[in-house]
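Look at the two complexes coming up: subunit A is in both, with subunit B in one and subunit C in the other.
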Partner chain A sequence: MQKIVIDPMTRIEGHMKVEVTLDNTGTVVEARSSGLLYRGVELILRGRDPRDAARITQRVCGVCPVPHGTASALCLDSAFGISNKIPKNGVILRNIILASEYVHNHILHFYHLCSLDYADIVRAVSYTENDFEPLRQFASRGELAPFMPRYEGDYRLNDDDNKALVLHYIQALEMRRKAHDMLALFGGRTPIQAGIVAGGVTSQPTTDKVLSFYWRARELYDFIANAYLPDVLRVAKAYSDYFGIGAGCGNFITFGFFDLDGDEPDYAKRKRLLKQGTTDRSLKYEALDLSQISEVVRHSWYDDDGTPNPKKESAYSFIKAPRYNGITHEVGPLARLLVNYASGNEEIRKELEILMGELSIGVDSMLSVMGRHIARAIEAKVIAKALCDWVLKLNPDEPTFVPYELPSHAEGIGAIDAPRGCLMHSVRIENGVIANYSIISPTTWNGSPMDDNGQRGPIEEALVGTKVSDPENPKEIARIVRSFDPCIACAVHVTNLRGMLIREVRIFA
Partner chain B sequence: MPKVLVIGIGNILMGDDGIGVHVVNELLRAGLPNWIEVVDGGTHVFSLLPLISDAEILVIIDAIDAGLCPGEMIKVWLDAPKIAEQAKMKRLGQLSLHEVDIWQTLSAAKLLGKCPKNVLLIGIQVGSIEQSCEISPNLSERMDEYVASVRDACLKLSAQTGWINGGVDDAHC
Partner chain C sequence: MGKVAEIPVIWLQGATCTGCSMSVLNSIRPSIANLLLEELFPGKHINLRFHMTLMAGSGEIVLEILRETKESFPNGYLLVIEGAIPTACEGLFCTVGEKDGKPTPFMELTKELTNNAIAVIALGTCASFGGIPSGRPNPTGAMSVVEFMHSNGINKPFVRVPGCPPHPDWFVGTCAHIVLFGLPKPDEVDELGRLKLFYGKLIHDNCPRRGYFDTGRMAHKLSDEGCLYEVGCKGYVTFSDCPYRKWNGGINWCIDNGHPCIGCCEPGFPDVMSPIYERFFEERLPKLKLDEATGRLILVTGQD
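Moving on, here comes the complex of A and B:
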């Protein structure tokens, strides 16, 4: 056979690069987060039937099609004047489809992306218990390769905890299957669902679907409560220094999500399971005002009118810098947790206080790498519990969809939190077709570059001041960036002050 | 349980990158026997793990950049050492879920003990991967060839595993 070297191409989602500069003590003195790919989804949507947006925008991102589909449907609802007319069944089904994706995402993120930063899979191969037989066989065939190489020198879990993490890593693969089965039950298919549309949801709940969903949701809840949360605690106890690493900007914003009341047309005021709003280190809750959001471009490859300009000298990213009240804000699970803690959400308060008690930490410590993992796990539990409740509230005899007329001229906006944070879609319709469409996605907030006032983006801010113990093995940097769950392809560059490249780690083959 | 799973991978918003999905859509239009499941996999291949681990035979259609002429198609049987070799050297810089690729997904299926016995990669050399919903002419004019080729491969494979009576000798196309 002819020898051909092949590589399926790296999927194109918006390449990101994180570049940090160290001083001679190994401390990060500057950090730059750059998006290296221009994306202009409006170019594709312009001139199309507005309803296409809820399908096409799902393809913007391979990891979160469902949140984009949902934000787009809400955006179209508002443009069509039906945002407060979606039938109750439709509202619940949208929650259920998106929440299944949330739970899937959080389990995937912790176990399959992050846990092997902390658990030692190499040591696990030497365990003699029967449970580890598949792993031993796997390793004996030389198939551990995907887990190698890794940053060495900092695997601290004791054997009992290490065993739990590695076994749950494998079990979590099965759990994700259940979450996707759930998604497909009402979303029609996975990974790119077809259920959520403007006006509601296309599928009708039936008793057997409801039951089939319910039992899977219970299993997922049990896994989260009895494996995921305890595992995060195991890691948090062994790596307690990571409560002091990666604090970030200290300001938080969320659009909230999971509508509990479809009657309020304004998404910023609608009653949601996780409330919309902002907070900061003082933990004072402030209501959300969408008009305070702006995007600036001094360090982005755009002219002031938004035209892409890759030659702009002051720029280093295709990501714009969204700010709220002109200030850098972090988005994602930690933002949702702290905003809801501040606003007095009793369930969140209770869950967080139990964990903080067990770890002997205060809320301040939550502004950290470990805090983000804990926030994600608590949220997964709260949402999985809600899933079990919601599915039993579906009524097979009631509609899931409201008919509507397509307007010839209209504007709409959809604002929800995706698993990674604030997601906003907006549309302008002229002559019955899309005249303009824009998206501000979560990683635009967290991965944003410096703004016009010299304020860094949240990931940049979380990196600066970090002590890198071994520049050849910059595990602190990787752990900080991963704790944000960025929705991008990244390369980490570690550069010392003289600008000499110590190490370049690229992901692409 | 599907015996044969065909997955098209790619981003249909990025020109030829979406060729796998376009081929799958054509296959769905053309129709296939009901034991062959055809899936539009999008770009988050790690989320396809549950589907993959249910299949006996997996056919992946993906865009490749192997320095061939745009539109050229290659078929490669993937065995364990090849998968392990391709999947390595990835974890260090892997910061986002987007970097979990098809190789690592197959590795995870192996870890579960549920990797399909036969994995065939049908790779199509890209021309242009600019932002567009259209594929370039070099590829689109060969669409019938791609569809026929995938269809043939699926039928031969089914025959070889005794799932249908085909009597075809060479399933390795």
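Moving on, here comes the complex of A and C:
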């Protein structure tokens, strides 16, 4: 038996430790993923003006703040009784701002957080083409940080593919920045936008902005279709064994997102571009029932009443363990893709079938490290295309915001999918201020520790059974973990849904 | 080609959301690719040795970089701290790496690395003033790196680059200033240690909606045209160049987007600045006092 500890796990958001135990064949027999930062944002929200939540919760995560701002706004809308009264412009603008964040996050994830696990940037300094001159100059100074040191071995892309990946790594630094610029057109600025609020959006669509946005979205769509997606295929072909690695728990859940109309007050039933629901290996679609979500803390650093306690003996993470129907579920792009494939989403089916044909794989193979990368890239393309359509539906003459009365007592819930998966915000307002606020974020699901029944979290489950070829350079572990795009700042929260009484919240009556 | 001076930078992340890093990645001139690969100015290369979100390596091999940097660069390094320092519960609310099977609290790492630093750049409002994690009731005893150094008797030059998040130009510009001219001289920074170049002017004085304020045209709800004072704007107590620098390539900023300034560059954010959407009263401004030992103005925490 041998133990491997990776701490810090880098190229993710936040502070994460991964610990695996290998048997004498080098196969992972036990795995633990830990979140190592606790800030207590939900406690900080208590006693504040409810409207402030849409600003403060964005500071839960600076990589994906918009989903928190959006989920919080939807949560407040429901508490204020206006969830079906947001003007059409407001609904579209929220989609546009959040979808821009998706595009930014997916490009960042594949290139800057993951591609260095596959592309060999050190080999690239010996390429003679002009494009590599900045890299050669860089290497000639004799310092290779931050690209070295790294886990060695298994950089197996051929030179043509390696060149494409390395050049696109550099180009993608600019493209992800351009996605942020696009976001700021209606979001005010980013990271951490100043546009989405309870009641709608503060900005007004104007013709010049629509024009500018449309062409920015077009440029990003072109990059996704002509660089990102082909690059994922390059990696997937060279590392085809990673279709058989990191399958995970095989249960999937999504809250869906991008509201196609704002008339249905129940977010679990709202018509969305990517549909909400659950599925598993059988690919049978099931409708979403938010009341089936529960959370436990036996292996998390909290006492039963939710008080943080980093010295708790049985615990190893600040992340809690949310479960659906009591069972471990994976969230994120792969979950959205498979749920929508199962529910018969034509566009998703078409895109996926083309790629599966090119790679000669079946849907089963999508439950894997490479499957997650492919799902993310397909989604980026579908969303970038939708952006080009949505922005043309804005009407400069119509409102973007609806006024409301602040209730002294109310409860609300907001449920959407963030780039990394299911995101739920819920609030209880008493005497006009926040009495309780709860957030369950994507990595709370994926990065969760073992639950009270001994079921591992999704990342842990994906690690178990993996053969590690070189324990000094545990690349397989890093690649599996990163395929989930963990975000630890998001994942850690303290208050829970016990006492929030989801079933009694009006919108689910 | 003459010899290139390597300016080693260690960038640590404590109680942060990584928003400061994401914002700095948005730098345009220089781009982040320019910054990583090329010389910031001829003969000067920023050598980013440690950054958890960008660096290739993981685990023990990257902790080794921290030790190695101390040895290879005896003249020190620039230490960038992003995020607040959680100090409650022996610092166990944020840990990075392990030593002898025990987690290393971020505050211990900070202590260790401030010792050999040439200077500390407190990046973002959390590192500068405590920020969101220090909002009441401050569940983790989070404090700014400046306050942390003072309370641990560490006396290092520092520059604050607040903002939640900070504009990329504020950080890259502060680095460039240090590279070109050395640490800021007393008259180049304000009483809080922020470069006046970026934080010297009141937003309200340069606001494009100032004309509305002067003529009394007030927005009474969000999305209205008019001055945003009544819907909570903190621009008249917040110092930054947002109104003319603007954000994300100069295409927009909070107030141009119809959203009140939330005062994210100032000490006391978020507590002093909330409720965000209600009119601000000046009595809520934080108090500053003169620190006898250092002659610096410091923020009085735990005030009413």
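We adopt the following convention: the second predicted complex is superposed on the first by the 466 of 509 C-alpha atoms of A that agree within 3 Å, B and C clash if a C-alpha of one lies under 4 Å from a C-alpha of the other, contacts with A are read in each partner's own complex, and residues count from 1 in each chain.
Simple rule for what comes next: a contact is a pair of C-beta atoms (placed from the backbone, for glycine too) under 8 Å apart; a residue touches a chain by one contact, two chains touch by 3 or more.
Note that this is a predicted model, so its numbers are computed, not measured.
Q: Taking the superposition on A as described, I'd like to know which of subunit B and subunit C A:486 touches: first, second, both or neither.
A: Touch partner of A:486: subunit B, not subunit C.
Q: Quick one: classify A:51 as touching subunit B (first), subunit C (second), both or neither.
A: In the superposition, A:51 touches subunit C alone.
Q: Look at A:109 in the shared chain and tell me whether it touches subunit B only, subunit C only, both, or neither; answer first, second, both or neither.
A: Once the two structures are laid over each other on A, A:109 reaches subunit B alone.
Q: Applying the touch criterion given at the start, work out whether A:400 contacts subunit B, subunit C, both or neither, answering first, second, both or neither.
A: After superposing on A, A:400 lies in contact with subunit C but is clear of subunit B.
Q: Contact-wise, after the overlay, does A:215 reach subunit B, subunit C, both or neither (first, second, both, neither)?
A: In the superposition, A:215 contacts neither subunit B nor subunit C.
Q: Of the partners subunit B and subunit C, which touch A:176 in the superposed model: first, second, both, neither?
A: both
Q: Which partner reaches more residues of subunit A, subunit B or subunit C?
A: Between subunit B and subunit C, the winner on subunit A residue contacts is C.
Q: Going by the contact definition given at the top, which residues of subunit A touch subunit B in one complex and subunit C in the other?
A: 5-13, 39-41, 43-44, 56, 59-60, 62-63, 65, 112-113, 116, 134-135, 138, 141, 143, 145-151, 170, 173-174, 176-177, 180-181, 190-192, 478, 489
Q: What does subunit C use to touch subunit A in their complex?
A: Those residues of subunit C that touch subunit A are 4, 6, 13, 15-23, 25-26, 28, 31-33, 36-38, 45, 47-65, 86, 89, 92-98, 103, 131-133, 135-140, 142, 164-165, 221-223, 247-249, 251-254, 256-259, 262, 270, 274-278.
Q: For a test of understanding, state which residues of subunit A touch subunit B in their complex under the given definition.
A: Answer in residue numbers: 4-13, 16, 18, 39-41, 43-44, 56, 59-60, 62-63, 65, 104, 108-109, 112-113, 116, 134-135, 138, 141-143, 145-151, 170, 173-174, 176-177, 180-181, 190-192, 478, 481-482, 485-492, 505-507, 509.
Q: Please name which positions on subunit A make contact with subunit C in the complex.
A: Residue list for subunit A touching subunit C: 5-15, 17, 36-41, 43-44, 47-49, 51-52, 55-56, 59-63, 65, 112-113, 116, 121, 134-135, 137-138, 141, 143, 145-151, 170, 173-174, 176-177, 180-181, 183-192, 194-195, 197, 199-204, 212, 308, 310-311, 318, 399-401, 403, 478, 489, 494.
Q: What does subunit B use to touch subunit A in their complex?
A: Those in contact with subunit A are residues 9-14, 17, 40-50, 53, 60, 62-66, 68, 74, 76, 80-81, 83-104, 107-108, 110-113, 121, 123, 126, 129, 131-133.
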